[in-house]
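Each chain carries a letter (A, B, C and D) given by its place in the written order, and its residues are counted from 1.
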Amino acid sequence: MTDVLEATDATDAAAVADAAVADVPDGATVLIGGFGAAGQPVELIDALRRRGARDLTVVNNNAGNGDTGLAALLASGAVRKMVCSFPRQSDSWVFDDLYRAGKIELEVVPQGNLAERMRAAGAGIGAFFSPTGVGTPLAEGKEERTIDGRRYVLELPIRGDYALVKAHVADRTGNLVYRKTARNFGPVMATAATTTVVQVSRVVATGELDPEVVVTPGIYVDRVVVTP
Amino acid sequence: MSDRLTKDQIAAMIADDIPTGAFVNLGIGQPTLVADHLDLERGVVLHTENGMLGMGRAAVGDEVDPDLINAGKIPVVETPGASYFHHADSFAMMRGGHLDVCVLGAFQVAVNGDLANWHTGAPDAIPAVGGAMDLAIGAKDVFVMMTLFGKDGASKLVRECTYPLTGVACVSRVYTEHGVFEITPAGVRLREPYGATLEELEDRTGLPLR
Amino acid sequence: MSDRLTKDQIAAMIADDIPTGAFVNLGIGQPTLVADHLDLERGVVLHTENGMLGMGRAAVGDEVDPDLINAGKIPVVETPGASYFHHADSFAMMRGGHLDVCVLGAFQVAVNGDLANWHTGAPDAIPAVGGAMDLAIGAKDVFVMMTLFGKDGASKLVRECTYPLTGVACVSRVYTEHGVFEITPAGVRLREPYGATLEELEDRTGLPLR
Amino acid sequence: MTDVLEATDATDAAAVADAAVADVPDGATVLIGGFGAAGQPVELIDALRRRGARDLTVVNNNAGNGDTGLAALLASGAVRKMVCSFPRQSDSWVFDDLYRAGKIELEVVPQGNLAERMRAAGAGIGAFFSPTGVGTPLAEGKEERTIDGRRYVLELPIRGDYALVKAHVADRTGNLVYRKTARNFGPVMATAATTTVVQVSRVVATGELDPEVVVTPGIYVDRVVVTP
């Protein structure tokens, strides 16, 4: 069952987003969608920051840009560990400072392994052999195996307690469609978390989304926050 | 002897070597120049790791859409026949060997095709790999576009990489200001030298170049 | 004492036990009867392994569409809020533990929840498993709907399965004509006996039933 | 690059389908889409039968129904081995007879492992640990491992030399959309074969399919046969 929380204006939007993440506990692993700013669920991230949970592990492709969204969450001291593929960017100063000060842990994962490890979590796969990273420092300490003449390393699933995802339109069943490259990690993260919270700009009646074009079926969606 | 190649000439040479109808990923930075030289008539399709086939040129003016960006987070446009997919599908496409060519920058390439392009090995550097390792092992052909010599004059084509690796024995060609180096099981072969003789380049790189 | 339950009564009992809003897969054969007893108001969503959520009832007349079938290859209709996906996604949904309940038939269920429902072990039988093994290990709750006793009178609830297994320790409840058996770490518990006393059933099954 | 082969009438349709599978060699592994009749590429299967290649390994969910399509291919003696999840059906007499006569090999794979093994082939995964089949006869001889307290067996990719798939509409770039539950194995098989041949009932100009709703991108499609 998907709960749909609708905001009527900007103030209400914050309250609704707050309600949607109110049960995220200290120490939770939170998967956060987006590739740079595209698909980043800013309203939910801001709500998570206001929530004040500590010792979070956050999984995202990057480690925040500028001073808003994920960067602001990091600046608030809520995050103990970042799991990402590309933390270092021209405007990742918040993360850079925390990292150099030893105030945040970092696990760098090649981008495809990051996506596939979350897909494995959602798909009930216990582990998989990936050719990505073989022979590099990121494979150190990992089990290696040659299969059919090719070298692979064993990768384990990444599960989230929560996923925060931005989609385009939801129906009241929780079915989702996305927009262009803002789709990115959203559909995978939605499958990999115990509780998936999605922000959309519009909700339509059940039956209004064409069943052929649904990208994330409602079974993966626990809460939809509609932010106008 | 011809002059050293400019970046644009190198990019044009790469574009010429991309087969008709190929599916291609262009890495962040210099490799994006290749797009400017692709003949659209030849139906080359660009892949971007963040979930799209049929990526077009950089967006300008009203075309800019924050939901439509490339791997370098630059707004782009879509071309007819484009498609969108999620990250696991995008990297499955890459890892599964479905891309014909990817073009990457590099710090170092070894004579056996080892690639180092993600980390200088400096102890205080914040490591960041992005999709480089997936691209390095995924595309059927991995082309590197780089200067042959670093600012300190050291050859970036090396017997063995000293920087941390991105991928093992994955590069097939290295496009530089001095020409195209083909990585083969029999050794490195320079197609045609630019701005220096084969002997001079053998001397400066310290490598046998057939 | 109440009479033995009919198939329809068993199906109704299962339907009653399915939580509001649950995502449910009904196996081929008897379990499909459960659909007739589901209160649509409670928003239960049916999954079919061949790539659909929001499966509706059997199609009739003009509704029949050869492209819209269930796991038993029977034409069905779609309900509002339905979605289609490919087989890898469909079984990822199952294997990943996203379905709340699946209802399966069985040859045998053991007291530890082992399930045998795909093969009689006969040496000349052609093996065929379909999605049974995926369902057995995938759903959060696996309900079995079966007769407690076979045609030969032998109990199908057993100490240990003699038929080849479908899944290990996966069944949580067994719905039969004599009532609902709950498989718990502390042993099998009969909720309420129908058509026989608890003692008679302990005697005929040869199992302790709390 | 996708080749689009268009038939103008039924006779021509057979010739076009023949051309599309003319290079399938003896001993090839052919992935054939469909779940029962839904999504079964009958015209391509018939062409493969007419082609007369022998010693094929065929991967399909089932092992043929009645006397047409896949059943007719089996009856022609073209197939050395079936890989499927559910061969035995009320109308699978062709396969049943071949099997009992020892004229065809059978590898039974649980349906989800079948789909996931082909997905692994398409996605460059060397092997994966699946919980499906653990402790059953279908896991015998396979490597087992307990990960995070759960038992798994190691499953290897299934690659095809060819995939024969039925979709609904293609564009001239080879992008595909499917129809309802006829989608089934098609999108996965398209990724898992060296050469993917697709039959559709309609082809549209490149640009006419909405990029958001494409299910199989053209990169996976080598030949499209349009059968009116």
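In this section, a residue touches a chain if its C-beta (ideal position, glycine included) is under 8 Å from a C-beta of that chain, and two chains touch if they have at least 3 such contacts.
All figures in this text were calculated on a predicted structure; none of them were measured in a lab.
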Contacting chain B as well as chain D are chains A
Outermost chain relative to chain C, judged by CA means, is B
Length of the line joining the C-alpha centres of chain C and chain D, rounded to whole Å: 29
Cα centroid separation, chain B vs chain C, in Å, comes to 54
What's the distance between the Cα centroids of chain A and chain D, rounded to whole Å? 34
Please list all residues of chain C that touch 2 or more other chains. 52, 78, 84-85, 91-92, 94-95, 137-138
Among the residues of chain D, pick out those that touch two or more other chains and give their numbers. 116, 119, 123-125, 130-131, 178-180, 211-212
Which of line, ring, star, complete and other names the graph you get from chains that touch? other
Run through the chains and report each pair that touches. A-B, A-C, A-D, B-D, C-D
Can you list the residues on chain B that touch chain A in the complex? 48-52, 65-70, 73, 78, 84-88, 90-92, 94-95, 114, 119, 124-134, 137-138, 164-168
Quick check on the complex: what are the chain A residues that touch chain C? 1, 119, 121-125, 171-173, 175, 191, 206-207, 209, 211-212, 214, 217-220
Using the touch definition up top, name the residues of chain D that touch chain C in the complex. 35-39, 61, 85-89, 95-96, 99-100, 106, 108-116, 118-119, 130-138, 151, 178-188, 215
Touch list for chain C against partner chain A, complex: 20-21, 23, 43, 45, 47, 52-54, 78, 80-85, 91-99, 137-138
Residues of chain A touching chain D in their complex? 116, 120, 123-131, 145, 147-148, 150, 152, 156, 177-180, 210-213
